[in-house]
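Lettered A, B, C and D in written order, each chain numbered from 1.
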Amino acid sequence: MIDRAFDLLLIGGMLGLAVQVVASRALFRSVVLFIALGLLMAVVWARLAAPDLALAEAAIGAGLTGALLLAAYRALQPAGEAGDAEPAALPRRWALVAAVLSGALVAAIGWAVLGLEPPAASAGREALARLGESGVKSPITAVLLSFRAVDTLAEVVVLFAAFLGARVVAEPLGRAGPGPRPDPAGGEPVLMPLLLRVTVPMGVLVAGYLLWSGGHQPGGAFQAGAVLAALGVLLRLTGRLQPVAETSPAERLALVGGIVLFSAIGLAGAGMASAVLAYPEGWAYTLILLIETGLTLAIALPLTLLFSGSAGLRWRGR
Amino acid sequence: MTQAGLYTLAASALAGIGVYGLIVRRHLLRRILALNLLGNAVFLLLVALARRHPGYVDPVPHAMVLTGIVVAVSATALALVLARRYYAETGLRHLPEDEG
Amino acid sequence: MAAGGALSLPLAFLLPLLTALVVFLLGARRAPWLPGIGALATVAAVADAVRHVAAHGPQAYHLGGWMPPLGVELYADGLAALMLAMTAAVGLAVTAYAGPYLHDGHHHQEAERFWPLWLVQWAALNGTFLAADLFNLYIMLELVTLTAVPLVAITGDRASLGAAMRYLLLALLASLAYLLGVALLYGGTGTLHLRQVGELVGAGGPAAVAAALITAGLLLKGAIFPLHTWLVPAHSNAPAPASAVLSALVVQAGVYLVLRLWLWTFPALLSPAVGWLLGGLGAASVLYGSLQALRQSRLKPVIAYSTVAQLGYPLLLLPLAAVPAAAAQAWQGAAYYIVAHGLAKAGAFLAAGNIRYSLGHDRLAGLRGIAPELSVSVLALGLAFVSLMGLPPTAGFLAKWQLLSGALGGGQWPWAAVIVLGGLLAAGYGLRVLAMALAAAPSDEPVRRPPQRLPRRMVAVPLLLALAVYLLGVSAVPALRLLEQGAPEALG
Amino acid sequence: MTVAEWLSVGALALGAAFFFTGTVGLLRFPGTFARLHALTKADNLGLGCVALGLALQADSAWVAAKLALVWGVALVAATVSAHLIARYTLRERGGTGRAPP
């Protein structure tokens, strides 16, 4: 009873926020409400027994996407203009067409899901049954790095491709990313160094823990990479990391090293195990942990660079 | 109605809101937001459907959504950079309707 | 736990990917030979895959040794092998062409960025043709999109940025529509494997909704009328090698997947009404794209609208597939069409790139009198257009002939009429361009700036592509025999 | 119910009340400073009460320690962000051009 009420409250909040994101007059409000929606989604994932997703959503879906959106909001604000000055809304009949179209979509999907019987057998059931063969104890890590490893490989390449693409269309260094700091000459708030002194080591620790724990419980390269990327964003915003126009060799290695390692171990599987992307008997856990370590960097660095809007970063400690 | 059923219906409603926003709002940032709403709807549908099985939670959709979240942030980041550059070059924050 | 199948299947994905990563690691300037090596290695892997399919029938490779539904399968039948081979031919040509095009001193930064993007895209395209898994296909499609958009925007001018933005938003919408359908299919069947889904999904309501969502997404990616609006600005504003890849490969991957999914996964849903609807959209693309191509005043938009038109033909297979007398020939025609169009279109865009490189513009009215100076490029353009028109002895002719005789054999005269009309319109826009290019220079024209000299490799590549179209027109038997390996059971 | 459970329920209810008050303040108070005042004070206390209530129900001291850590980290984050918001507002509104330390 209480459970159902909580679900309804969550769904109501989620849909209410989504409507506000679309309908709100002020763009800034839409962006902030979208970030709030991301946090609410993290609660939804937890409700639906998906703690891995809750972690990833809070860090990536709400946190990093939010930071990217806010930076872009500021960049798309014309100088000296307070309001949003949005392009003229579409004529009324278009809104009607859109309403009919999206209403039809809702009806079609709703009708389809209500008629959908859960299948007797599923890939997930087999994954759980054969978890022991994968070498790790967490079913999601097993799916991501053993059963469907090629998806994970391709997906890290997607992130790399987004970084490459962002380089093609990037703005000049001074305007890109979060933009120039408001008062570079003025001092830093007194609490900032304190915060960094607490957050940075703790964040690295948390990332390391998440990486290691992915073998047997929620966590893994995605979550660890997201936490590291969040630290990168923090250091970039506080000026510890400065944007530069060149990618250093070390950064290049961090960007593609994990993917190269993953592909190389995958290819070696053709000779040393049964197939490409198979792990030799008894080596699965070690190799998966090794790959995940490489992937953590290959996730964290492009995300940080995409936020920074630069090809590289240099340390400028204070 | 089961919990999973409730959330699948919520997912279809969320998808509708996203598509509506994508059509009626022209500001590039709003269109990117609307696409992300639609993405969240798809993820929600996958996870809710994974919850229907008696006795176990299907890990495959969870892995798919985890992958999907990273793909979504990659695409969003590229779209935002492109929108900013487009604005810097043209001064426009929406795509003109007539060309193409 | 055995992989089965040829190792060259995963290599066709991994080799270009690894090349891209190493090129990025070293920098394209430090290793200008590396993309060429990677391209040759990829071509070798593809050749081996094609050889396996031709000799031993369809190949299935189980990545990680996990059988579906647990694992991801790579599957190459005749159709996939033909797509891989076409991609390899175009890929090799583009790699050879882009070298001198980008390294001429003006495009240093573009070169640094072009190579990794293009090589990742090649890997993703091979992955798209090989993946027998709905979710893996989603990631491959996203990878293709996220590499195609920067290629459109690589020149960074206003027109190309707007085109890239529009393309990206629509392509992301298409991906999400596709993924929504995949979610429904997995929810109903518990598997993501193309054929397993097909066996389990049936023809009920949820399957129909899923198929509609997936098809809408793919038609948007494949730029089929009325979802074609993004294509022309995107393809005509990109630099020549990018235009060639986008038109010959990227959009065709969408059309390929429409055929793949309807014939292998949803044959139960392919009722005559659905066939007519999809075929009708294809026919509308053919007619609309051709008519628009006739009205353009610049060369690259002509070729881009011709892409919209040519993408429609393969869809004509879907209404014909259910007609026993038409199915077999239409199947050969549609598959051959994708190959013929890919090669001819890549040749046409690269030849147009030469003209633009040399003259600095591509206005049709300014093409008068270029034939003596750009004879080889104009020849390549002309040969490519002849295939697009469907005249013998080209591959385009053969593909059209098979489609047409299939349609006539099955008594499906409306589709036959579309094919003939499309050919006539193509002749119209093709001859219009060629007439301009072959005309004598107007005598009253003010002195033109002398055309820039073309590197020899850029002259040769479009001609070789165009000649390949003729080779496939004259000797079609190996390719058609390849197509019979694992031809869909749904036909007829 | 044991004493610990009663205490736990009481702490949770108190925490919820603090959160409610803080949220009402955020929505109703005029001006950034007043809102900040309502939000940080009430919500930090509310979170503390909730953490305490949950810690009383925890299976082990280890879990209770983790809950305490959550509260501590949230306090640090709230302190710094409140400080930053206040500082920014003061500079924008005050018009002195110089930020306080």
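Assume a residue touches a chain if its C-beta (ideal position, glycine included) is under 8 Å from a C-beta of that chain, and two chains touch if they have at least 3 such contacts.
Quick caveat: nothing in here was measured; it's all calculated off a predicted structure.
Top contact pair of chains, counted by C-beta pairs, is A-B.
Computed centre separation for the pair chain C/chain D is 57 angstrom, with centres defined by C-alpha atoms. Between chain A and chain C the centroid-to-centroid distance comes to 31 Å (mean Cα coordinates, whole Å). For this pair, chain A with chain B, the centres built from the Cα atoms lie 13 Å apart. Across the assembly, chain D contributes no residue that touches 2 or more other chains. In chain A, 109, 113, 116, 118, 122-125, 127, 148, 151, 155, 158, 161-162, 165, 169 are the positions where the chain touches two or more neighbouring chains simultaneously. The multi-chain contact residues of chain B, meaning those touching 2 or more other chains, are 15, 28, 32, 45, 49, 52, 58, 60-61, 64, 67, 71, 74-75, 78, 82-83, 85. A list of each chain pair in contact follows: A-B, A-C, A-D, B-C. Listed in rising order, the residues of chain B touching chain C in the complex are 15, 22, 28, 31-32, 35, 38-39, 41-42, 45-46, 49, 52, 58, 60-61, 64, 67-68, 71, 74-75, 78-79, 82-83, 85-86, 89-90, 95-96, 99-100.
Contact residues on chain C toward chain B in their complex (touch as defined above): 135, 139, 142, 145-146, 149-150, 153, 156-158, 161-166, 168-169, 172-173, 175-176, 179-180, 183-184, 186-187, 190, 192, 229-230, 232-233.
Within the complex, the chain A residues that touch chain C are 108-109, 111-113, 115-127, 130, 146-151, 154-155, 157-158, 160-162, 164-165, 167-169, 252-253, 255-256, 259-260, 263, 266-267, 269-270, 273-278.
Chain contact summary for the complex, chain C toward chain A: residues 1-3, 7, 10, 14, 17-18, 21-22, 24-25, 61-66, 68-72, 113, 116-117, 120, 123-124, 127, 135-136, 139-140, 142-143, 146-147, 149-150, 153-154, 156, 161, 164, 180, 184, 186-192, 200, 204-206, 209-210, 212. Those residues of chain A whose C-beta lies close enough to touch chain B in the complex are 3-4, 7-8, 11, 14-15, 18-19, 21-22, 27, 30-31, 34, 37-38, 41, 44-45, 48-50, 52-53, 56-57, 60-61, 64-65, 68-69, 71-73, 75-76, 84, 86-90, 94-95, 97-99, 101-103, 105-106, 109-110, 113-114, 116, 118, 122-125, 127-128, 139-140, 142-144, 148, 151-152, 155-156, 158-159, 161-162, 165-166, 169-171, 175-176, 222, 299, 302-303, 306-307, 309.
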